[in-house]
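I've put the structures underneath this note.
First subunit A sits with subunit B, and in the next complex the same chain sits with subunit C.
What follows is the complex of A and B.
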């Protein structure tokens, strides 16, 4: 099978193109998606192919254009709404949490909201505290929505179409540091991926490192460092932040007896806290030590590069947490 | 050059798997050094070397199962170490001594309360599955007992073909016990003599001793009991030694195998050496050190082969008496029932006394009932004066 190289940004763009081509009800809406090509250039070139009707620039009001997207979905369309960063999505939380996530339940199943909301998340690009946070866990808290976190080029390419097929709202978190990552993908064929299961990115026997999004790469780097010390890590990429794939996580921890959770969000009230709790609920008697967490420093993400990097989980701090879990 | 062979670690052992070398070619070894770990039906045994020299060639690689007598390695004697010979590596590093706590005059160090046992959930479960009491395990450097402090366990681990580390296989052990006891029953003409011994003096003495001692130095009655048995055996040499190739070889010292039940069904009788010349306190520490190791399946080769006699002690709250079978090629085994209060004639009255039923099983090819009676009478006298042990 022939393969081709593409980066994460191109994978997102190709997924958008595929969706727009496959289903006439699909349209893309968001700030700067048309004339500017998207804040991260994901929709660059698409207006020429699909026209201004289907690649729509929205005014600077997240609440308004997410709300409009929800309305379009209720009206039978398949909107893809892009929000520039997760920090700005807070302006649309009312629409997402109070409307999109609830309407199926509040209508007794009469209404579906088949909207897909994409947003960039995460730190590492010196965009300072109002553009760099990892609030995925907040969305993971909300019943009624599915939350995806593609960490690989293949997932960036393959998650959008299944997300559009989901009759309920799906939020896709694209980490801003991943857009230039390259990988090989098959040249042709169905690129769709499963959007229900976590993935094992590295097989190991001594400790399970659970990560998502950009932290997966860091966890894999840490695993390589530790391999040189004779510690064999398994790395789980969560992929789906809601509903969490407990089965994959717990099966791995049952095997390795040690768990380290990497989460770029803050520790307090985090997704890492939730996963840790599920592990102790479901695999307590398999644990050979406390569940360790590697999270960001509890400060607004700093602007200076050295402080920003110091605030985030890094391979070194992940490796240190694994050693601690191994009691080495 | 000396050929270092797979030792026989018991009459019932035919072969064993070499698990790990602890010394490499070129390493200097001294008598008593542990040079390898082998796995037998009775668990993992650390093999000691009885010669001095330098490891030449290792002929068996870890993972191989070889019959008893197979040459495992060659050891070059001191004369063979030429300047061109393998460079001798010094294996004995000077271990830094931990700083001793200074105790000012007049201050007696208070016996520290034992820290609460910290065991990880996974370790607790594996220990239970293996029949090991966590109290008998030594914690890791951080004071916690985790999986690394345990032998591998029978877990529903989805790990690929179980990479076997050394440990206990209770099924194999059951087979080994069966083979040894069948041979004992078949070959040794046993006789048994029982004597009920008033042990009140022993228990009174123990109680008085233990009141004065910090918890970690308290004695269990097995320690003075073993000492008394050893001293009594010294008087009846026909009950202490080995019967091999049609002849009895008495032993000048008493190395006593202590039958140790392993939860889950195993039984093993590692020997404590020179019981007759150890103090009761030394014996107590030896037992405290040996029993957990036996339960972990980490014994040394000498402990498996050195026994000149065996003691099976049912312990407190158990059955009244036991009629054990001799462990070949030994010639006697002592069985102690539980100590329980009994009506007992003292002078002209009946009193309540702590009584132990002691059985001596002897090998009729070597001894007979009178020897057993001599031994039991002497034991009774010795236990009446525990302070003298």
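What follows is the complex of A and C.
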């Protein structure tokens, strides 16, 4: 099988191109998606292929254009709405939570909202407290939506089409530090991936490290460090933040008997807290010790590099948590 | 001493020197910042104000020192004109503990309580409601002064813009709204984002007296600001200024600037606010021939000092990371 290299940004772009070409109802809408090419350059070049109508620049009005996306989905279109970053998605939270997520149930199943909302998330680029937060756990709290977190180039390439086939709202979280990551993908064939299951990124027997998005790489780095100490970690990439794939998580913990959860969000009320609860609810007697969590320091993310990095989970802190779980 | 009691501009030589000096400080400071960015001394997002200096200088010249300013992420100029020491602003750009926000905010989040400079807001339109609230507090406390809010024309599409204008007008609050219309919100041209490209008419719908002004002409801007701020102080409710201006540089250091014509940029550069003003003032005899050079020399010295200060300043210790997330509990616990 021939392969080709591409980065995460190119994978997102190719997925957009595929979707636009496959279904006439698909269009991309958001701030600076057209003339600027997208804040993270994901739609660069697409206007020439698909035109201004389908690569639609929206003014700075997150609530209105996300709401309009929901309306367009109700009206028979298949909108992909890009929000520059999760921080600005707060201006659209009302439409996402009060409209997109509720409409199906609230209408007694009459309407569904087949919208895909993409946004960049996460810290690590010294953008300070209004551009660096990891609020995807908040979205994971909401019934009625599916939340995806592609951590790999293959997932960035393959999650969009299945998300568009989903009859309900899907939110895709793209970590801003991943866009330049490169990997090999098959040169041709169907790139679609499963959007219901977590994935095992490393097989191991001593402890399960559960992570998502950019933290998966950090978890894998920690696992390599620990391998040198004779600790064999299994690394689970959540991929789907809602609904969580309990089965994969619990099966791994039953095997390793130890769990460490890595989450770039704050610890309090986090996705990490939810996963920890599910493990204790479903695998309590399989555990050899308390579930450990590695989360961000409970501070707004600061600008200087040394403070920002100190606030975030790191391979070292993940490794330390695994050692603690192993009582080493 | 700044003369704020007058509702008209008096262009004495002293005042002309001050206007040019402030615009020059911003210009040279930011040119230095761009250089420091390529040396990786300054990181993250850096949004330069070059080309728009006449607006901060003209408006803030009309404000009293205790009249609050709310600005955006493109706020280095506003901070400098408001009187934050350049060394503190530069140290903030570096992320050093001696910076105006202890280095925690960087370029986008310059704050100074002692200068009543309320940031440094990087959520577009997020500053407008804050300005409305600051003015509300003044009104409720019986303090007669204006609050000044700067934002770009991109903000005018946000709900918060409209909600804030309505509140300010409805409650008759002492706010001066200043829209710095540089024609582009990132790569989106005004005509591609606004059904009606005249921003000042938006204010009129809410019953707010508004004026559009040449934002490349510092005297025009100051004159408009003096008229507006006096009306605001007199209790006539909010006022709105739309300053028509242009940014000469890209939106941020990440922007390849592919969405506008080079010729358009060059045409605007012919109306550079610094040369426009100094050429006119020289020919009118308001400025003396040596003034321009003296200002440049002074400013260069000030920038050297600020860079030296920022270089030498300490990083905040990692142990302090979690300080000031919340205030200390008041001592009188029940």
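Throughout what follows, the second predicted complex is superposed on the first by the 328 of 328 C-alpha atoms of A that agree within 3 Å, B and C clash if a C-alpha of one lies under 4 Å from a C-alpha of the other, contacts with A are read in each partner's own complex, and residues count from 1 in each chain.
Everything that follows uses one rule, which is that a residue touches a chain if its C-beta (ideal position, glycine included) is under 8 Å from a C-beta of that chain, and two chains touch if they have at least 3 such contacts.
Everything quoted here is computed from the prediction, not taken from an experiment.
Student: In the superposition on subunit A, see if there is space for subunit B and subunit C together, and answer fit or clash.
Tutor: Aligned on subunit A, subunit B and subunit C fit with no clash.
Student: What is the C-alpha-centre angle with subunit A at the apex and subunit B, subunit C at the ends, nearest 10 degrees?
Tutor: Given the fit on chain A C-alpha atoms, the answer is 130 degrees.
Student: For A:251, using the defined touch cut-off, is the partner it touches subunit B, subunit C, both, or neither? Pick first, second, both or neither.
Tutor: A:251 sits against subunit B, while subunit C stays out of touch.
Student: Which chain makes contact with more of the residues of subunit A, subunit B or else subunit C?
Tutor: C
Student: Looking at the overlay, what does A:284 touch: subunit B (first), subunit C (second), both, or neither?
Tutor: first
Student: For A:327, is the partner it touches subunit B (first), subunit C (second), both, or none of the two (neither)?
Tutor: The answer is first: A:327 touches subunit B but not subunit C.
Student: State whether A:60 touches subunit B only (first), subunit C only (second), both chains, or neither.
Tutor: The answer is second: A:60 touches subunit C but not subunit B.
Student: Once both structures are overlaid on their shared chain, how near does any Cα of subunit B get to a Cα of subunit C? Whole angstrom is fine.
Tutor: Between subunit B and subunit C, the shortest C-alpha distance works out to 28 Å.
Student: Which residues of subunit A touch subunit C once you look at their complex with the stated criterion?
Tutor: Subunit A reaches subunit C through residues 31-32, 35-37, 39, 57, 59-64, 87-88, 91, 125-131, 297-300, 302-307, 310-311.
Student: Which positions of subunit C touch subunit A when the two form their complex?
Tutor: Counting only subunit C, the residues touching subunit A are 43-45, 95-96, 103-106, 108-109, 121-125, 154-155, 157-160, 185-189, 192-194, 255, 258-259, 315-316, 318, 321-322, 325.
Student: Under the stated contact criterion, what part of subunit B meets subunit A in this complex?
Tutor: Subunit B reaches subunit A through residues 120-125, 140, 142, 144, 146-148, 156-159.
Student: Under the touch definition given earlier, write down the residues of subunit A that touch subunit B in their complex.
Tutor: That would be residues 205, 251, 254-255, 257, 284-289, 327 of subunit A.
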